[in-house]
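Everything below concerns the one structure shown next.
Chain naming follows the written order as A, B, C and D, and within any one chain the residues start at number 1.
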Amino acid sequence: MARDVNVGLVGYKFMGKAHSNAYLSVDKFFPCDARPVMKAVCGRTEEDVKAFAQRWDWQGYETDWRRLVERKDIDLVDIGTPGSTHAEIAIAAAKAGKHVFCEKPLANSLDECRKMLEAVRATGVKHMVNFNYRKCPAVSLAKQMIEAGQIGQVRHVRATYLQDWLVDPEFPMNWRMRKETAGSGALGDLGAHIVDLARYLVGEFSEVVGDTKTFITQRPAEGASTGLSATAGAGTEAVTVDDAAVFLARFTGGAIGTFEATRMAPGRKNYNRVEINGSLGSLAWCFEDLNYLDFFSTADASGAQGFRRIIATEGDHPYAGQWWPPGHMLGYDHSFVNAVYDLLQGIAEDKNPNPSFLDGARCVAVLEAVEQSVESCAWEAVEKVE
Amino acid sequence: MARDVNVGLVGYKFMGKAHSNAYLSVDKFFPCDARPVMKAVCGRTEEDVKAFAQRWDWQGYETDWRRLVERKDIDLVDIGTPGSTHAEIAIAAAKAGKHVFCEKPLANSLDECRKMLEAVRATGVKHMVNFNYRKCPAVSLAKQMIEAGQIGQVRHVRATYLQDWLVDPEFPMNWRMRKETAGSGALGDLGAHIVDLARYLVGEFSEVVGDTKTFITQRPAEGASTGLSATAGAGTEAVTVDDAAVFLARFTGGAIGTFEATRMAPGRKNYNRVEINGSLGSLAWCFEDLNYLDFFSTADASGAQGFRRIIATEGDHPYAGQWWPPGHMLGYDHSFVNAVYDLLQGIAEDKNPNPSFLDGARCVAVLEAVEQSVESCAWEAVEKVE
Amino acid sequence: MARDVNVGLVGYKFMGKAHSNAYLSVDKFFPCDARPVMKAVCGRTEEDVKAFAQRWDWQGYETDWRRLVERKDIDLVDIGTPGSTHAEIAIAAAKAGKHVFCEKPLANSLDECRKMLEAVRATGVKHMVNFNYRKCPAVSLAKQMIEAGQIGQVRHVRATYLQDWLVDPEFPMNWRMRKETAGSGALGDLGAHIVDLARYLVGEFSEVVGDTKTFITQRPAEGASTGLSATAGAGTEAVTVDDAAVFLARFTGGAIGTFEATRMAPGRKNYNRVEINGSLGSLAWCFEDLNYLDFFSTADASGAQGFRRIIATEGDHPYAGQWWPPGHMLGYDHSFVNAVYDLLQGIAEDKNPNPSFLDGARCVAVLEAVEQSVESCAWEAVEKVE
Amino acid sequence: MARDVNVGLVGYKFMGKAHSNAYLSVDKFFPCDARPVMKAVCGRTEEDVKAFAQRWDWQGYETDWRRLVERKDIDLVDIGTPGSTHAEIAIAAAKAGKHVFCEKPLANSLDECRKMLEAVRATGVKHMVNFNYRKCPAVSLAKQMIEAGQIGQVRHVRATYLQDWLVDPEFPMNWRMRKETAGSGALGDLGAHIVDLARYLVGEFSEVVGDTKTFITQRPAEGASTGLSATAGAGTEAVTVDDAAVFLARFTGGAIGTFEATRMAPGRKNYNRVEINGSLGSLAWCFEDLNYLDFFSTADASGAQGFRRIIATEGDHPYAGQWWPPGHMLGYDHSFVNAVYDLLQGIAEDKNPNPSFLDGARCVAVLEAVEQSVESCAWEAVEKVE
């Protein structure tokens, strides 16, 4: 019989919706040993959070995250707010003995990450950072194949995360373009995902050198009518984060890599792509074709070698067997359900799920090294986090 | 304020799961004017249906569909059982004044379809057949573009629905391989979908000529251990439906088409693909890349023409705006949610949703004409249903 | 030391150019045991054929094919003229003891084909029909793989040859749209190629049923200014062949197939595609990606199966090793060089090359059966040619 | 009437073959104002070069490039030897008043390049470096579209040139793996091509930072039997160049880029790919699909935007109209013919063709800056060459 896990969710926008959907669906599809009970969602604007709670079948709501964290009937605090708020909420939750599930990036600084890690370790709660793309069946399958040695020793990683929603200069400001809330721009938002995928699939970064760029430095103020021209002045606001970030990396295992994150690539909507070349084969995956994993093996018969396009929806593929028959494609939201299943199983089995806050912290260490290298115009070592 | 629609679902296997998920999700994502209340699910094996009801948050269950249909507190009967049972349930439901949502094919014979159509018309209930692929945003977008004249007059349709789950001769019998339950094999199961897509996008069929084939005529009996060899004799059962069906078609509007449905195409998992060529352009879609619509326009500038790969996840694409930001791909199950939204809106607005039982009947008329042509070895006119 | 083969070419348009290029290149890339000597090209307009001869390094020219055929210094007659002329030239050449290389379709009627076959057999000359797509390395590789049993017993063939050059109603008439020269339209021009590919890869056709359609029945007369509207009357000419042909087929080996040839598919430039499904795997090829062969094998490890995209440019792939290093893609014209190499080796080794006139005749037998089925509106057996 | 240009070619291996083929074909397909006369090919091993000359219809041969350069009957010296020899031959040829066509990279050092540039400028001969990929129709089309402003201001370049021929540790040494002949490894061989494509399409590099890696440092000696294990010692030789190179770049126009060249990417045969994002659209091209250009335009109608897959074989596409009808794909060797056509027209019209030695030198300047950055572990400015 599955035990109940009472969930309190902070944030009710894009991530709040994706997480709510995951809690709603997870025990329908997965044989959960722990079932989520959707206790309360928290947001600052009462009218809105109340409507959200009703829509998504949350039992109640709060307007102050501190109250949510203090509630005795909450077992798990889920943080779906901007990065600048993660540390304070997560630390308070951990101190209150709650498990913590946190959106990525774990925080806007490595210093905050270390404190979060310290807090969850001190209290022994379970902790997970939501790098949801790890949970796409094709990506998990790639991980299995690499661990099984199917591509040999990894030599190359090339990862890009390309979007285009900032190409229009009339697109107005929001929190993702302000340093104080987002920490960084494409680097932290998109780069964090590909750094995590590289860490997951290849291993630890040792050194990086990078570059960042803001192509459009002034945008219409949030809420400004979009008819305004984006010239500096009344009704505009300065963009204080990068539109794009590129960097090179060296890995402790000997591989080298190229990374690029941008919101300025017309036509690329969610082009989160990673290709890995090893001594015996290659793997490639792109979120825009999320159900596919491309695999090349030098072990295939001569004359009949080629990239194999695996449709990762078979019963023996990770997570896929819980969903639909082969060929019945999965989408974006399924990765959140898969993640939440892992989280709940971790709680049920008293075993920390992955990716943990340590993974979150190590990712931020890489991002900070990239930012340092932009300052120093030279390679920078990635700070070690244990 | 959305009104409640009390749902009773018959069937709790693959389709039962997909429909339950749709009822669970629809009012979270869509601004429904009618919200489903998951009253009861019905199945013959009490233990199983009870467990299913608990898992999927159905308020109760029934073990006899007749009892379900008679319940006063049910507004909508949803039929997710094999085709041989559709007519009886649907007619009883309609007579009891319930709206009816029915899986495809509408029935195993055109005669049954006519009776079903008569029943829903006589009582004025809403009726819908679940050709879910119409509800993929890319397919709905194709429909809009054709109606807007973007490819001109349609001349060619080529449609294939390829799967491979029967390639293994040790795959055991189930109801889908028996004529008495399934009516036909690949023709009714897969062919029905591509006939519907062609009707939706191109218009009515006038004549067809076809061929069917059963490549593996004996299979291990249902429940037989899969270690047995599939030779005829003890432990085997005769396959009484087609493994594959192919046919040519002429449309009333002047287009011609080729159609193929098979469960014997290794590597094709759910390759439901349709390409349409008109006098001014072309459109192509395949479920294995369900979020994409390929579009060629002769109106594009000379020298820069080419198939455009539209990612149908933008806010102005059908259904897509209710889900996630652009590029956040959708999967199989989203099409069911979209369908159920249309159904509920039809009920709320007192306007029959599409595809209706008339669409279901006309599809079966095409399938029957194909079967007749296999008998006659000649072209057969498709019977008209009004 | 390679022996010389003196070549006389009839025709100097599209095919004349492609054949001339093949003779020019073949002994540069291939280890030919017989080298072509470009003796003479033949055409009716002296000025034009003379210029062509100079441009392409032909030693001389003729303006009457009868004179060419009679020349003592010609060993091989190459026929690159419209189908209506093939039989007369080929029979004369054979009677004069010349080897014959003939463009496809072999002739516009099976009756002519039989006479051609009789002629070449009577005199023992070598004969080849130029189904050049067989000679793309990826297609030859597919043949090898099928013969090696890599996809098991073939069950399905689906072939399309789609072009779009007749979509514009202002495109003027030429010989390809007149029955008296071309015999048929898309059927003989494009359909012949896919029938040959199916015969090559799968085996003999037994029965067919088909449909043909002419969407645009009047076109501007040849040479008419393209500014004219295409209404019937002065300056227009009736199209007397099909714009499109579709048919179903049964093969003697038990496979079934769908075939489509059209010049009315916007955006498809030379979409000559064939997919074959067998009991153990699948193969797919399309000329628009001519260097690739897609291969699915049920023998691949479970969990890692998928269509393999073989780049057929390796040293151990047919023909490819004579060209460039792996990954250095080949194009359209290379298939002609490969074909001419096979032809010359056949002559050198006194062994008839493939595809022979028998292949050409059997292809025409299939096309005629399709045309008969269009007349009879029923399945027609394909006439046997031995 | 076309004038004759007498050609002397140095080198008769891979590039010698590709260049010979280009001279043989160019005036067949193109309306050349200057026609190549294949006077002599030069190589050190008389037996081999003599056989090559016979095979490829060269009128004669030389075994010392100095003699070739001195010959009065040579107008154009074509250099297809390793990079270490380019400068000496090119300078001697220029001094002898010959036009010079040189393989890439122009030389192994910027210093040599400057001297070559000085020499050709001093004598006023025509000079061209063979960056053949510029001459693929799809790439030339991309150039036209960028110049026409179709993607707006360029912001991002991402270029990779991936091969896999060194993945096998038993692959023996050759000149391409020795610093003294090749200058560098993947960087100069493959990186040179993508640097040139970026310069062609985007503009000048200002700064770079890079990394290089040699994964396999000892290989079987050239000519050693491949059965030997590749351990250091007798029968092995040290690899003295990079297996892979990665770098970031800043362009004078404000764009940023990522670049990667490797011979260690299993399954990538000739994956020379460049993607460019501008303020109004994107373009992407990959040699493994050389006939295609992907184009995204923000000017397309909302709801119908997507990457357009242009098949660059139309009559109005660069070079393509000289070859075959639309959809009749071109291959690797066609790019050499297109290049030689441009070279000959430059000579005929007394106008230097592109890419010139200045382009060659500027490319080497970028490569040298990458190497300097590897030494300094920091960004390096690219030296200006005028």
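Criterion: a contact is a pair of C-beta atoms (placed from the backbone, for glycine too) under 8 Å apart; a residue touches a chain by one contact, two chains touch by 3 or more.
For clarity, every value in this text was computed on a predicted model and none was experimentally measured.
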If a chain touches chain C and chain D alike, it appears here: A, B
Reference chain C; chain at largest CA-centroid distance: A
Chain centre separation (chain A, chain B; CA means) in Å: 35
Whole-Å gap separating chain B and chain C, where each centre is the average of the chain's CA atoms: 41
Approximate Å spacing (C-alpha centroids) for the pair chain B, chain D: 54
Multi-partner residues of chain D (each touching 2 or more other chains): 268, 305-307, 311
Chain A-touching residues of chain D, taken from the complex the two chains share: 151, 155-156, 158, 160, 162, 167-168, 209-211, 213, 215, 244, 246-248, 250, 254, 256-260, 262, 264-268, 277-282, 296-298, 305-307, 376-379
List of chain D residues in touch with chain C within their complex: 14, 18, 20-21, 24-25, 27-28, 55-57, 163, 165, 268-271, 287-291, 311, 313, 323-334
Residues of chain B touching chain D in the complex: 141, 145, 150, 292-295, 300, 302-311, 314, 316-317
